[in-house]
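Think of it as A, B and C in the order they're written, each chain with its own count starting at 1.
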Amino acid sequence: MSILPRTGAASGADVLIALRHVSKSYRRGGQIIPVVSDITFDIRRAEFLALMGPSGSGKSTLLNLIAGIDTPDGGSITMGGADITRLPEAELADWRAANVGFIFQFYNLMPVLTALENVELPLTLTRLGRRDRRERALLALDLVGLSDRVRHFPSELSGGQQQRVAIARAIVTDPTVLVADEPTGDLDRQSAEDVLAIMQRLNREMGKTIVMVTHDRRAAEHARSIMQLEKGELSQRVELPHD
Amino acid sequence: MMQFFKLVARNSLRNRLRSALTVAGIVAAILAFGLLQTIVEAWFAGVDGAVASRLITRNSISFSSPLPRAYEKRIREVDGVRDVTFVTWFGGIYKDAKNFFPQYAVDSASYFRMYPENVVPEDVLREFQHDRRGAIIGRKLANRFGLKPGDVVQLEGTIYPGPWEFVVKGIFDGRDPKIDTTQLFFRWDYLNETLRMRSKAQAEQVGVFVVDVADVNRVAEVSEAIDHTFRNSFAETRTETERAFQIGFMKQTESILISIRVVSFVVIFIILSVMANTMAMTARERLAEYATLKVLGFGPGYVASLILAESVVLALVGAAVAIWLTPLVAAQIAVLTKALFPTLVVSKDTVALQAVAALTVGVLSAVFPMWRASRVNIIEGLRAVG
Amino acid sequence: MRLLLAYSLRNLRTRKITTALTAGGMALVLFVFAAVLMLDSGLKQTLVSTGEDANAIFVRRSAEVEIQSMVDRRQAGIIESQPEVLLGSDGAPVVSKEVVVLIALPRQGSGQTSNIVTRGVGAAVLTLRPKIHIAKGRMFRPGSNEIMIGGALVGRFTGLQEGSTLRFAQRDWQVVGQFDAGGSGFDSEIWGDNAQFMQAFRRDAYSSVVVRLASRAGFNSIKARLESDRRLTVEAKREGVFYEEQSRLMSGFIQILGVTLSVLFSVGAVIGATITMYAAVASRKREIGALRALGFRRSSILVAFLAEAMLLGMVGWVVGLSLASLMMLVKVTTLNWASLSELAFRFVLTPGIVLQSLCFAIVMGFLGGFLPALRASRMKIVDALRAN
């Protein structure tokens, strides 16, 4: 386990996450509203995938399913060969702690904890000692360029800085996959660029697998491939040229 | 105006769980407050029940020292005295010390004549006067131990050692619910006769004399005359009104009464802290709405009165439930504590105090949120919507 | 764990008013709870310290207090000649044949009277009760109309002090000294010569006979022998036990009343904590969602919110106990129902009370936080994240 750069990108055939006939619907009133219907696709290791689509297309739901914070009604989702849809509640939490890093639209930092403590938080779920935790958290904050803001509380940081703290928190456990739900949705252009640049670097230089939901085409263009969702179904998948 | 009340009603029902919890808290607090007031009043029941024209003559040393029985005749001769009887505290144990209840040796001829508040059926009194070993017991005492006429009650004496047996002749009731009916009365002549054989030093003595004065306005003068009669004699006396006698007794446990009084107000502060917190949280969450109302042209007074009305409504709903519950719970406590509180009657004063306390809590809780809401800056308030 | 605890603690600090009000309610409950226990322990301490275990007291069988008891001279003579009784340096047994009578005295300030114990004692009484010493003046002379008073009486009764004259039982008594009985029940008594008191009160029997035992173990044999002696109608008790029993009636009342009130009041405070914690959960839904997404289990969320509620209780405990400890400065006088005489004592804080009130505080916090914490832990992550 290390968050130090890994050399090279993974091979194209190396599938990390496999979704098979995944469907999910919500009950509202007496009605059942399908949100995701029968979706099948693969996410390769070291992929940077942008999920796009109009609101209500099911992209956020799909992301939640991949991240294991929601469970599908049908189908299976496997990561590294293990079916996460069959895990009981508590084991799923442990699985998330070990494998998934989250980045939210509204950052969702704990307002009463400092930047450093926020980043340290997921490490309290590991067996790491106090000193190791601190070291790693500092390293992660350094990676997002916030070494000089470690003692600040979220309310003392700008939106862009808060989102960078959130990214540090997401990568500090060295998760298998990073999931981001509209990470730039609440940011100005410049801050959004900074955040996307960091995510791109994490993908290119360290081989992090990233799944990002966005409705912003300019943000999506930072990814390696873009997948379009329409009314809960996959409409197209585009590979972007490497630059 | 209709609109205003609709808004208040809907607002109180918005966070149902919180409103329900707040009301429940108020019920608990106002109930506790009412019960404590009732207990304090029960303590003073003896004082309230005292008859103005009745005097108590006791040994001037203290009430635990006896007086010679022979004094009765001389007291009767004092000008202004209409009637005299005497009472001796027996202090026996019925089966177990836990079963405490008051027992008195009384004069079978005169006692019930002077205490009309203890209502004894005529035939029972007649039987009592015909059987030396007879006893008359109060309704509550009879119910507590399941005693009925004909039963034999055996007491172990503490002041007058040895076993004592009495035959229940009948049951007396209180003239009103405040009268203590947990007592047992038996005949002083039976006590005296036995003491003459068992413990001569204790014979021919009584605890206190009870004196009925013909003219209420002359009680002070008559008291003085009685004490004067016995000055420099074998046992000097001290005579005071029944009320003063009871108060004197009460005064000595005053510190406990004061504690209960103080504590009963503590519970009001506890609930005030709970209610004030609820209202502060509620108002904070609704700052945006208050700002909106202001944008629509409502004045700060309107917003403030919305909060006040909600707070008072919650407090009064709680108080109403508590006031309804208090007599029911008081009755339960009276049963559970048995002898400790012979009478627990919730007075009108207590109910009024409960209502006032709840209203005060309701109003005070609204003060800070009202002040904040009426000063809310429209721009900031609207931003709080998020 | 530490970080999660810091999270709980800082959340309390952020919502200052709410925390203060909620903890304030709990503090008041704990104040009542601790104060009642302190009152009870003060009462017990006073009465227990009144007796000495090396002394045996003899009273008439089935008499619970001395004013109900009578022991005649012949019986007293038999008791003092027993071999278990310690002999003093002069070769005489260390015994005090005592006569106890209640007198009513006017209290300072009000015209009301209170009952005071007057105790006629033997000359050896200070050898018998070594914890008592003369604080002012001197011991009364045997056979005279001199008396001495307990320290707790000074200032409570009109004109009662060293050098004054007191009238009771149709005689004038000279107060020649004041004694200190270390806060025990004796401090609320008036002592004089037993023979004089018997004459003045027209008694021909003692109330009790107190003897010092040569060895503490001697109690069992003297008790067994005298209680089976047909000439005697007495009962023997260790002096400490005798006075401790006098505290039971009132102590029981104080405990029952106090605990009932505390429990009743705590309902209010627990509801306050519940409201506060529900609001805390509601306003932090997104945080909860994020924590769960990060991989914290439901149980961790439950613990974090429970910890917050229990910390709230602990804040209340600190404040409530501080308030209650101020009560140690207050002196209480009340009628002891068992002896029917007035007794002075203080609120006493013991380590046990500190611990009991802490447990009470934590339990209140736990009860108040339980349902809200359960709701927080049961939230669906997706819904929690969507909340605002």
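The working rule: a residue touches a chain if its C-beta (ideal position, glycine included) is under 8 Å from a C-beta of that chain, and two chains touch if they have at least 3 such contacts.
This is a predicted model, so every value here is computed, not measured.
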item	value
Central chain (by mean CA position)	C
Most remote chain, CA-based centroid, reference being subunit A	B
Centre distance in Å when subunit B and subunit C are each reduced to the mean of their C-alpha atoms	25
Chain centre separation in whole Å, for subunit B relative to subunit A (CA means)	69
Subunit A and subunit C: spacing of chain centres that average the CA atoms, whole Å	64
Subunit A - residues contacting subunit C, complex	64, 67, 69-70, 89-90, 93-98, 100, 102, 104, 106, 108-113, 117, 120-122, 124-125, 169
Residue numbers on subunit C that touch subunit B, as the complex places them	17-18, 21-22, 24-25, 28-29, 31-32, 39, 60-64, 67-68, 70, 101-104, 110, 112-115, 168-170, 201-202, 204-205, 233, 253-254, 257, 261, 264-265, 267-269, 271-272, 274-276, 278-279, 332-335, 337, 340, 342, 388
Residues of subunit C that touch subunit A when the two form their complex	1-4, 6-7, 10-11, 13-14, 286-287, 289-299, 381-382, 385
Residues of subunit B touching subunit C in the complex	17-18, 21-22, 24-25, 28-29, 31-32, 36, 60-65, 91, 93, 97, 156-159, 161, 199, 201, 232, 234-236, 238, 247-249, 251-256, 259-260, 263, 266-267, 269-271, 273-274, 276-278, 280-281, 340, 386
